[in-house]
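What follows is a set of structures for review.
Shared between the two complexes below is chain A, which has chain B as its partner in the first and chain C in the second.
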Partner chain A sequence: MTPAQSQARAQLSDGRYVYCVVDTTSVPSASVGETTGIDDETVRVVSVDGVGAVVHDCTSVYDADDIDQVKRWLVTHQQVVDDVSDVFGTPLPMRFDTVFAGGDSALTDWLADTHPRLRTELDGFAGCWEYRVTLLWDPQPFEAHVTATDDTLQALEARQAEADAGTTFLLEKQYDARLAERRRARRSALASDLSAAVEPVATQVASQDTTTSLRDESVSERHTPIARLAVLAPETDESALGSQLDDIAARDGVTIRFTGPWPPYTFAPDICTDEPNQA
Partner chain B sequence: MNPTKRNSHAIVEFVDVLLRDGAVIQADAIVTVAGVPLLGISLRAAIAGMTTMTEYGIFDGWDADHRRRNAQP
Partner chain C sequence: MFVLDDLFVNPFLSLVDILQTMALDELYDTSEIRDQIKENQLLYEIGDRPADEYERRKQELEAQLRTAEQIRDQMRDRMEIKN
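Now for the complex of A and B:
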């Protein structure tokens, strides 16, 4: 922790850790149930006119050198969001470690100031969830097929058999380049097909970097992630989305990872108090 | 196919997402240091090997909870 962060921790006396914002119009705020928050803190809802922030009281932000501790916080955070989602429906999720200073009064001031914007966002996300789709590809079956059927590759191979050493070297380079070109085209086609498959059932789609910041030991060496999509879709279309993905997953060398339903983390907007209301 | 939330890759996914995404609030009352979110890139980079989380039993309660939900009609 930096000295500045240490100072911030020391100064926070009446903090509110915010998990998410929920629609409390039809469900009383007190219905948050028995879910317990990070470090077993009591979770409650601070509500202003049908828009509620799911919070626990805290006296510090959450940062630690102990990685296992951070992992527990993250899982608990998600657990709370899952639990309140069951009660209130799709939440507007906050990024981990969103902490207000100034107690309930600061929080209710913020809820009142941003109320039209929060209302619009909650209404927009109602009934929808985020699903995440990763297309992993093992190129070996494709390469086996292409080397047996591509005319250019076949011709290069035949010429290599009759060429001298210098020419063979150049022909091998051409062979590799042609194979790489076919592989690139296939990757591009698979990524396009995936986008086309999810598009009919998606409210929004965001294409994302295929590398995560975290190491995923469950990915085999041979499988390369070639497309990663965050898909916002109505809960009622979850099966349809799964069916669309079945078609892509049936292709040679393709593995589809389909996770969710998540709160709309990717599609949640940044909320600035000073911006014009969008209601 | 049906989506999952319990496999190791789903866990990697949500931790990655949770640290990177979600609504960011910009308001005077939000605790930051010089406008910079307190939990930054360095922490994300430090969290590796998420599948080992199951070894610590961190997910036991969560797993059970989701199995129960999935079993409901």
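Now for the complex of A and C:
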């Protein structure tokens, strides 16, 4: 919870839920359009010298035990960020449920105090978006190929055919170890090739943990994520980035999940806590 | 309860991870939600479900469906599976 949120829980008579920060230099801050916020609240932009916070007025923070309610809030939060991005360009995202107490005056004070930093970040991310790339691998085609072509595996298999029970057990262990070694090498090579493929078009790349607690029902159980990258790239290079991934995806057993454009969630700092975001 | 767990217990987990995963789930859940709406209707019609429970469940499922469809709309041009 941010300091702003802690304060908001204690006393929140005039809160401002902040979706993101945008560059209002070349677009009037009134141009937020018809987008409606969480719980159908009116969305507007509070701007100080070309830097605007996209907000709605609120009297509480958003916390619920109802998972469907939280889902609706999240989806609406992202919808607002998407809508204002269409108008103002790449935003600086804020964490879900970032609420300022003290009304517009507290918010404008914060915008004024952090203005140099916000301006630098907005300029730095202008025209760039985050893309997510996940490489999922089904090892079965690779294993079928390697068991048919690897000399060591074939030799171990041949020896098993003539060995006694005890020796066969040891040979099987050696066989499994060799296969696991080849599998690990292949995983490592695929991950390296993926990084090399995105590097030419990326402004920044962040490697992410593949052991997420989030569920993934989109691929078979045989597919395991072996690399997850967050890629910051210019919008103009989106097609080039997708093309770079095609070569990797064409390999046996490989599925690439490519999503974006997203606001730079991974790369933008967490402005309220002044810490880099982590994915 | 992955959203609550990951968003509030693990506050550094980014919103995009959660949205992405919700989209992956919801893409496959939409037909299931529709089936549940039909089931609720049938149970009510044959008298196995009282009116108040039917209405409560109907509203709940319709809200779920709207969310699922909203997520699908958001992700439609944003997700590509390459293989």
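Here is the rule we use: the second predicted complex is superposed on the first by the 261 of 279 C-alpha atoms of A that agree within 3 Å, B and C clash if a C-alpha of one lies under 4 Å from a C-alpha of the other, contacts with A are read in each partner's own complex, and residues count from 1 in each chain.
Assume contacts are C-beta pairs under 8 Å (C-beta built on N, C-alpha and C of every residue); 3 or more make two chains touch, one makes a residue touch a chain.
Model, not experiment: these values are computed from the prediction.
Trainee: Let's test your reading of the overlay: on chain A, do chain B and chain C clash or fit side by side?
Mentor: Chain B/chain C on chain A - steric clash.
Trainee: Could you look at A:Ala161 and tell me whether it touches chain B, chain C, both or neither (first, second, both, neither)?
Mentor: Neither partner.
Trainee: After the superposition on A, what does A:Trp110 contact: first (chain B), second (chain C), both or neither?
Mentor: Once the two structures are laid over each other on A, A:Trp110 reaches chain B alone.
Trainee: Report for A:Gly260: first if it touches chain B alone, second if chain C alone, otherwise both or neither.
Mentor: both
Trainee: Decide which partner touches more residues of chain A, taking chain B and chain C as the two options.
Mentor: After superposing on chain A, more of chain A is contacted by B.
Trainee: Contact-wise, after the overlay, does A:Cys272 reach chain B, chain C, both or neither (first, second, both, neither)?
Mentor: Once the two structures are laid over each other on A, A:Cys272 reaches chain B alone.
Trainee: Classify the contacts of A:Pro93 with the two partner chains as first (chain B alone), second (chain C alone), both, or neither.
Mentor: After superposing on A, A:Pro93 lies in contact with both chain B and chain C.
Trainee: A:Ala148 in the overlay: touching chain B, chain C, both, or neither? Say first, second, both or neither.
Mentor: Neither chain B nor chain C is touched by A:Ala148.
Trainee: For chain A, which residues belong to both interfaces, chain B and chain C?
Mentor: After superposing on chain A, chain A residues 63, 67-68, 70-72, 74-75, 77-79, 82, 93, 95-96, 132, 212-218, 242, 245-246, 249, 256-262, 265-266 contact both chain B and chain C.
Trainee: In the complex of these two chains, what residues of chain A are touching chain C?
Mentor: So the residues of chain A in touch with chain C come to 1, 63, 65, 67-68, 70-72, 74-75, 77-79, 82, 93, 95-96, 130, 132, 212-218, 242, 245-246, 249, 254-262, 265-266, 277-279.
Trainee: What does chain B use to touch chain A in their complex?
Mentor: Per the touch definition, chain B meets chain A at residues 1-5, 7-10, 12-34, 37-39, 41, 43-51, 53, 56, 58-59, 61-62, 65-66, 69.
Trainee: Spell out the part of chain C that touches chain A in their complex, as residue ranges.
Mentor: 1-8, 10-22, 24-25, 27-28, 60, 63-64, 67, 70-71, 74-75, 78-83
Trainee: What residues on chain A touch chain B, complex-wise?
Mentor: For this pair, the touching residues of chain A are 2, 4-5, 7-8, 12, 15, 18, 21, 61-63, 67-68, 70-72, 74-75, 77-79, 82, 86, 92-102, 106-107, 109-110, 113-114, 121, 131-132, 134, 212-219, 238-239, 242, 245-246, 249, 256-263, 265-266, 268-274.
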